[in-house]
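Below is one structure. I have some questions about it.
Which chain is which? They are A, B, C and D, in the order written, and residues in each are numbered from 1.
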């Protein structure tokens, strides 16, 4: 399985600078997620990797062989399109077999190989149907089978779950994981859904406006995001972010001493799951305590999100990991541990976590 | 309120029954969720309610008045479509204001529209033409269009599916606020349970044109009527383990194919429940599994971590089940003894899939 | 020039070979004939711009231009208007697909017929002792001189309407059918009046088709002379002589090649301009 | 509201009669004997007013008119055959390589103007062109002229259909290792199937109905059914019934084509 190396990839399209000097290393046999908001250049990168498009500059290495100008099939890479791109005039069987007809395999070998992959992806019972008769999940499995049957070592999936039902996504994510583990194929997922990052947390690259701004596993990104947009993007519920000044000037709330020496223009962020209900007796030194009235409560699965109006520019979002009924207008006090907070500079660049603050590394 | 409505679509030879004699009572001022996989007939039901589709048989009542034959325009209904339906040549302002032309004076219209635009956060786009906006903003305009009117019922057909994940959360809380503020009954159709469960007071889970269960989110979560509803509600979905009842001494156990035993004698009058059912399915939600001193052996094969939320894929007697445990820290390969919260176990009859309560 | 951008040119080669094999000579000949003339047996002489001078001073041409404007303008307007009314009529009045399909087929047949066949059908109807007049006489009314000096051009327009109303009808019907049903549902729910619904939902979509139909029809009527050649021969007198027919006469009856080439070139240029306007409207 | 609907239906019926009337007259005339054609009162109902005869059709069958129909058939088919493959390649270029040289919007516009050129402006030069090669009044001349004039229409229609195919299907084929020719043969043409058939039919119909070129480029041995029509008016009595018969026979192909390709025809005019 080749180790993929992308060196200074640049791509412009009609004046839009799609990819700005992208450098990325994807170790072999990994399940890699390229995460980022829509239109951040993920698809362009996927197409260049697959060989459908040439980069304006920069080169691509498989192990250390330069494949930049090699066609898709010499690279043994396959791309599963967002709309699955199944051939409407062929049955599922012929769709999967289409990539093998070019190889020297006999008809019998092709039949065996297609059957094997179809059974593996649990669509062998639908092989005689035409794409128009298949459900979303089935179409995708046919598209994946078509990509794999050819023996492609790397398969790239462009927004694989966007068109699928909520429930089918969960099942397809498990399928992809099983596929990667059993077949030892490098799977690259281009996605804008943070749930995909959660499902495959080990290798993630976060892309924003054509640049890769952080690579690592989910925990690293979760704990130490390089900038504000990653911090806001990752998380079941979006992170609360306020200018430091607005928190420092809050009346009626105790502000821990360690926070007070922060520069006013900095931004303080804290995740809704780090906010807990405050009980009078537990007075700990390094805790921001906020008092406010409940605006609305939302129940998500088995968690509850409470939107709190605490005199800050925006309502504070609090995530409680059990179903709690809070009536709008009810007064509530919540606390955030200083070591859990995130500090960003005015431009949104990550400065440090609460813990570093207490250690005094962040100067005034 | 729908009274055993059936809708059969005839296209050429094959007739598809989109809705099979469905009865649904929507009490006033409630937020009703219609949840189900694609193609289960939820959108057709919605369109029958809105009057855009005539049922093949059955009646539709609004507050007791039979409106089945009444045209959509007379039913004072407001609707948001999956793909924002906006008038292409008009500006945002005109798109919102157009429905009020006959009812309010220009001054009042202006006030209403500005208020709503401010609330949804599209005030600075009022002058631009809708065709220039991206799909997220267009859906916001569609929501504003609906809010401005004062309909007897709001109907929403998967409004958030087309929108970016980030904007989806923002709009979800906005819709919740709207429902609370206007206190009108809302009917919300989606295949994404996170939206429906957060917004709805009562939810109807549908499949193949039928309502399987119609209850509050909590009851659907804790007392699903059959395996489909149990599987459909909750993320990650419920685990199902096939087993058979075995009596050992005075205790009653459920043993799986590979022999691990679960003591279920604590369940009240379990005897009566179990006779007549040879094969059973034991359903347990991932969040109701915990690590115990002794229980069933399980090997961890995969970990999904998201900050505080951890999902462990555990292999038990050859089948993989998912467990959502907060305080535990397993890595792939660890084996551990797990047990289930006794009161959270739900038993289903293997053939019918119906739960035993 | 890597393989990538030579390849598309290779794609265009075959049709260019076919087209230029003829068009190159035609254009060349036209331009050449405008400036050079060879009287029968005589010697080729360069005549510079006097062809253009004759154009400016040719009264018969000027009348022909007026007649063409009237013929093409009125014809197009009526066809597009009638086409739109009928297209919207079909969509709103006829719901079942089968009935709509039958009506459409009937209304579209004339479009499929050859101009020559249509000309002769209308000749049967319009000729003095033809069917129209015999029906009028049968009903005790005065027969009408359909092909007389005053009526000839209008009769030709009537024939053209009969054949070509189907094109605007088809264009507008296709545009109307492509409007997403959600918009009409929304309009019904918002209780918009029929007129507002038309103004806000239907009109934006069919406006484009309307413009395309108008330009397409105007260019075709301006360029087609089959009916004139077959029914009225430009007559009686010059009553139905359009630019096209005038060029036709210059080329094949009066045989002054050079002048007909000039007129042809000018017509080609004006068609190119009209086509440009058509193309621009299409892109919007 | 009811009244408006009634008026609407009436309008449709009237337009229906307006369209069907002349067609009926043509059919009736083709079934009449020469001197039954015009009479007062007008004989419009077969069996009632006159005895329908097949005279006109017999005349067509055993005179040069049959030969003219066959010529029309041959010439239209040959020209379409010549034009269809190159047009397919060109349409692929216009649809897929919108930016490349010779494939961009400007060259597509040039094709558009070709489609709208007035026949009367170019018939003389073409006439002289074929004279130059001593090919006047030959099949080759008419077929080649027809194929030149059918290319713009064919490319225009095919590009429309090809834009309908998502690019991703083709790229999937590229990923599966198919060369351009294979992609065209195995994926684009089969998927485009009905579209190509409709284009062939519409281009063929356009040539089947052509009149001016046939009139001037054909002579004694090459004559199409449209060019033959004027010759029926030369004698002292216009053979109306034969004109009717030719009209009826000429109308059959368009009717069949419209019936078969109605879906594609509507799609072609969608958004054009």
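In the analysis below, contacts are C-beta pairs under 8 Å (C-beta built on N, C-alpha and C of every residue); 3 or more make two chains touch, one makes a residue touch a chain.
Quick caveat: nothing in here was measured; it's all calculated off a predicted structure.
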Intersection of the contact lists for subunit A and subunit B: none
Most extensive contact between chains (C-beta pair count): C-D
Intercentroid distance (Cα basis), subunit C paired with subunit B, Å: 58
Centre-to-centre distance between subunit D and subunit C (centres being mean Cα positions), rounded to whole Å: 16
Category of the chain touch graph - line, ring, star, complete, other: ring
Interchain contacts (touch definition) - all pairs: A-B, A-D, B-C, C-D
Touching residues on subunit C, where the partner in the complex is subunit B: 180, 182-183, 185-186, 188-193, 196, 200-201, 203-205
Sites on subunit A touched by subunit B in the complex: 37-38, 135-136, 165-168, 170, 177, 192-194, 198-199, 201, 218-219, 222, 232-233, 235-238, 271, 273, 295-296, 298-302, 305, 307, 321, 323, 328
Residues of subunit D defined as touching subunit A within the complex: 166, 168-169, 171-178, 187, 190-191, 193
Complex interface listing, subunit D residues touching subunit C: 5, 8-9, 11-12, 15-16, 18-20, 22-23, 25-26, 29, 37-42, 44, 82-83, 85-87, 89-90, 92-93, 97, 100-103, 105, 107, 109, 112-114, 116-126, 128-129, 144-145, 147-148, 151, 155, 180, 205, 208-212, 216, 226-227, 229-230, 240, 243-244, 246-247, 250-251, 253-255, 257-259, 262, 265-267, 269-272
Residues of subunit A defined as touching subunit D within the complex: 50, 52, 72-73, 77-79, 81-83, 85-89, 98-99, 102, 146-147, 150
